[in-house]
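In what comes next, chain A is part of two complexes: it sits with chain B in the first one and with chain C in the second one.
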Partner chain A sequence: MAIATASDDVFVEEERPTARVLGRRHDRLALALIAPSLLFLVVFTYWPIAQVVLQALTIETFGSKTVEHGFGNFARLFADASFGRAVTNNLIYAAGTIVPSIGLALALAVGLRESTRFNALLRTVVFFPVLLPLVAAASLFLFVFLPGIGLLDHHLGRLGFHQTNWLGDPDVALWSLIGLTVWKNAAYYMLFFIAGLQAIPDDLYEAARLEGASATQRFARVTLPLLGPTLAFVLVVALVNVVTQVDHVVVLTKGGPSDSTNLVLYYIYQQAHENYDTGKAAAATVASLTALVALSVLSLRTLERAVHYEA
Partner chain B sequence: MHPLTKVASATAFALALGLGSAQAATEIEMFFPVPVEGKLAKEMQSLMERFNAAHPDIKAKAVYTGSYDETNLKTHAAIKAGRPPAAVIMSANFVLEYQIADEIQPLDPLIAADGKTSDAFMDQFWPALHGNARFAGKVWGVPFHNSTPLLYFNTDHFKEVGLDPKNPPKTWAEWSDAAKKLTKREGDKTTRWGLMLPSNYDYLGWVMTALDMSNGGQYYNSEYGGEVYYDQPSMRGALTFVDNLIHRDKVMPEGETDGKAVSTAFFAGQTSMVVLSTGSLSFIRENMKSGYGVAFVPSNIRNAVAIGGASLIMPKGLSDEQRKASWELIKWLTSPAVSGGWSRFTGYFAPNKAAYDLPEMKEFLAKNPDAQVAVDQLAYARSWFATYSTVAVRKALEDEVQAVLSGKKKPLEALKAAQAKAEEIMAPYVAATAMNLPK
Partner chain C sequence: MATAALSSRFDGLRFAGVAILSLVALAWSTPLLWMAIASFRPQSFGGLDMASLAPNFRPTLANYVEALDSADFAGLYLNTAIVCLGILAVQLVTITLAGYAFARLEFRGRTLFFYAFLLQLMLVPPILIVPNLVTITRLGLYDHLVAVMAPYFASAFGVFLMRQTFRTIPRDFEEAAAVEGAAWWQVVIHVLAPLARPGLVAFSIVSVVAHWNEFLWPLMVISSTENQTLTIGLASFTRGAESASQWGVIAAGTFLVAAPLLTAFALFQRQFVNSFLFSGVK
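Moving on, here comes the complex of A and B:
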């Protein structure tokens, strides 16, 4: 920046070398200042990324010491029906968790918007699941989901419903995990929406009211457009959660029954640690992270284009 | 001196000091898992203190490494990183994979150095445990604690429907009759199941092994890690039996049931019979409110179940001192007195036969006849399923069996798919071994 402004300035032509030296000194200082974090970033982030990519392109065969390089791991990955199943499950899981939890979060945020004492209490109650680590929540839900005796079946049974094998029925199990995730995440997203709502000036609502806009119109025309940046941010956070959080799969189902709750990250774990197939695990990591980055960029771009930043 | 060089030399100095102090007593680490409920981790620490007190030249440390699977994962990682633990309590069916990967050392030289033959050494342990410890001509593991599946039943329910709790079902025919009598319905709703089997990953494979073996099957080739017998009549019979209990007789719930859900349902009186590990014996003894009994897993062709549990293994890449110290620890942990004490504490049976000759063990068995049943069933026990890529090959069967439990597939097609998948997973090993022919 410093160099650019100095060279643009025609009146201080003689000072340009000094400015350049200054700039260089600035650069060096800046580099020195960020060096510690850069070092850690390289050692713990960029270097592992490079290694994963390298691993994905390295083909090892059992019983032979020679190693080949190429796209063979990716070919095996895409031919694996279990990977296809995990991707499909992950897509259903994404749609099933993101839409309801963001909808619920938005409804809760609008409902609990006013900072009254009662609302503060309700917010705390609603926020409670966020405080629980996902592992702990999943361990609790093991008993909520118990067929027949669990909390859910006990109360549904009183209402005359049949016993449901929440985690053991391949048609139901993924939806049980989706329910748990929505319960866990909605309040977290609500927090962002409440913050976003505070930033919307009241006079806009006043103006809308004067114009005779109904509550729904005010929500659709004022609240929602102005929450655009928050929504874009929450969507990306939710998207990342869908791919990176599988604690409940580990605790509750291990991907079963018959792979019906297997998500991509757990599939990667299985390949690496149960099957010792590091090549396939690395290929799946590269493939899923590429998709995630692409999706994040896409959603941020499209949403930001439609966003009104200024009130 | 450049600051970085200073840091480096200081670190080197500190490291040298650290290594130097290790010369005094040989320091060794042992990885150990806690597979069942209870205060096992604490008990293991006190065992280590007793061992160290008795062996002043060794400083052994027990490192808790999570479940069986996590212990396996951490051991592989430690070996890859070049810092292998001196000993590991490893799930007995993973030992083969370490031998295939050439990551553990045979124990025969250490046995020979003690002036014993390998035959005499293995003879200390129950014959059923030999298969998973001694194979390919060498001793690779020393049995530490072991289990078998057992039939647990609610004696109050038995009396209520006119069954004799002193005479639990011995054959599959008696078993399914009992299950039908014990099942209670209100309209089309079942309020009590006759039988429940754990069917989560890992447990399901073990239960299917027991049923397949009780039906005359082998399940896998115990001599060669590249073969399984999933689509054979013995397995088809076993799976059809289970399918009938669920979908024809409706005496067992549909779908997958976790081991924890099975024990909870048993405690709550929601099921009258369950199959669970002998390792759960203490847990059930402490938590069961109504009367219960235990029996062998019923048979169709013969009495047979697979063992479970863990063996002590020794990774490669240890120094001579570490190897000697580790061997002392392994021998001590599997000696009759220690083995028997651990067995009484956990509910696992003691692999060392001599443990049952000790007076405190005789007294314990007289007080707890259910533990005696577990020991008696050992006469019919066989080796535990172990192949190349054991977990994935087991999962190939489990996924398909779960599809049958949920009514999505019929036994025959499910088992054909399981066999095909298992063969696909073992293909690289088969290509490098049994199909590696003279060119």
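Moving on, here comes the complex of A and C:
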């Protein structure tokens, strides 16, 4: 949720003349003020990044004291079918959660844009899952996904559907997690879309209506383009969520059945915490760091364009 | 005539829209609705009808009693509160100071430092759990609550939020205070911080919600039961209750974990929503 704040800050950076008027530089004071933040950033962000890169390049052979350096860990990582599976799963999971959540969020935002009592009630109802810890949501969904007597099967069964092994069937399990994620996140994105919609001036719709634009045209030509910055922001938040949240995997599937729900961060956790393969865990961390950096460069560009479009 | 037809068609559309929205909201709320109902359902009620949403039973607190019995909820609440408030207390200091520096002071390397901070927004702590675990162990903090908090003491996000907030405050106030002979820290504490309250409140809500709900990192650095936070406690509690198919107990436990935030949201809805928006769109 932080990225838009920062980026639009960077790109809309303008020097306040007053800073100049005050004239003096405050090197020491400023350093002292940012020092506490900087200390923790160094210890828990920069140092670990350096360390994980180093560790990924260090190959320790069991039973030998000599340590080699090289790309061996990466070779092992890329040769690991589970890692490949985790990357593929993560891509499917990304597309599968982001597209429906954003679509749904947009639809809900358009539907609930006006602040009537009834709409406020509906907004509250759909917003509750956002505040639920992902672990708690996963605990609830243990029962939702329970075959036969669970919430889904029980009620779908009454409508005549067959029972499904939501978490046990390798072809279905990832989609079950996707469903849970959409349920949990859509309303969070809706919030931003509602704010975005309310920021669009009414005269624009009035003008479009006067020119005979239909509701669909007004949506496509006025609403969507003006929601550009919001959309870009929500997209970045959603992407970060996809990479950093695996609590439901831990509670519901542990990556299974047969790796069908393993995501990259869970794979890292497994390697480090269960297999004690720090080399592989480090290599996988470096791979996702690289992906995140690439992603943020890309998204900053998009955001920049979006922000300029708005201006 | 034409307008009447048009307006009745419009009413029809409107009605359909409201109906669809209500259905979506109903479907959305079903899991939580089930949680509330199942948590009060007697256990002997039978497993087959467990998914029923009809409250056709005499409500009982048995599930809550059992949930509270099988996990040390008081300890879990306490640990989680310590973690959230501990993180927040340190964050409020670090972000206010750094936010002030970036908003008001001119200094060498400002842009460079700014970008150095920016990095943490993208390379978020959850990705760095493996090397951070090594650091925590070396610092001798493994299995201490401080280990859960430490990676979050600096918040690039908070620094930007405060910088942004400080920038919206006119300088006249500070200049008046400076003329009166106030030192910079008096200006920050007595003038800027009170004026920046909306920013601080917004950040606090977002921060507490995030850390109340956090799971993977505490799971990695906490090993003993008495240092567990709510999410960890819930996960192990769920495992136990699941193998015994005690769904009502799971519902009760989940409700206990989620209740504080859900209640806070119900009470301070506007403030919550504004905070989430403030944290993003500003």
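Throughout what follows, the second predicted complex is superposed on the first by the 275 of 311 C-alpha atoms of A that agree within 3 Å, B and C clash if a C-alpha of one lies under 4 Å from a C-alpha of the other, contacts with A are read in each partner's own complex, and residues count from 1 in each chain.
One rule holds for everything that comes next: contacts are C-beta pairs under 8 Å (C-beta built on N, C-alpha and C of every residue); 3 or more make two chains touch, one makes a residue touch a chain.
Since we're looking at a predicted model, the values are computed, not measured.
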Chain B versus chain C as contact partner of A:V144, first or second or both or neither: second
First, second, both or neither for A:D247, with chain B first and chain C second: second
Touching partner for A:S115 - first (chain B), second (chain C), both, neither: neither
Touching partner for A:L292 - first (chain B), second (chain C), both, neither: second
First, second, both or neither for A:W183, with chain B first and chain C second: second
Contacts of A:L41 with chain B and chain C, given as first, second, both or neither: second
First, second, both or neither for A:H273, with chain B first and chain C second: both
Chain B versus chain C, judged by how many residues of chain A each one touches: C
First (chain B), second (chain C), both or neither touched by A:L132: second
Contacts on chain A seen with chain B and repeated with chain C across the two complexes: 142-143, 146, 149, 273
Residues of chain A that touch chain C when the two form their complex: 1-6, 9-10, 16, 18-20, 22, 24-27, 29-31, 33-34, 36-41, 43-49, 51-52, 55, 108, 111-112, 118, 122, 124-129, 131-137, 139-144, 146, 149-151, 153-155, 183, 187-188, 191-192, 195-196, 230, 233, 237, 240, 243-247, 250-251, 265, 268-269, 272-273, 278, 281-282, 285, 288-289, 292-293, 295-296
Touching residues (chain side chain A, partner chain B) in the complex: 61-64, 142-143, 146-149, 162-163, 165, 167-171, 253-259, 270, 273-276
Residue ranges of chain C in contact with chain A within the complex: 17-18, 20-22, 24-25, 28-32, 34-35, 38, 47-48, 50-52, 93-95, 97-98, 100-102, 104-108, 110, 113-135, 150-151, 153-157, 159-161, 163-164, 167, 171, 184, 206, 209, 212-216, 219-220, 230-231, 234-235, 238, 242, 247, 250-251, 253-254, 257-258, 261-262, 265-266, 269, 272-273, 276-277, 279-282
Complex interface listing, chain B residues touching chain A: 69, 73, 76, 189-190, 199-201, 253-258, 260-261, 264-265, 268, 270, 388-389, 391-392, 395, 398-400, 402-403, 405-406, 408, 425, 428-429, 431-433, 436
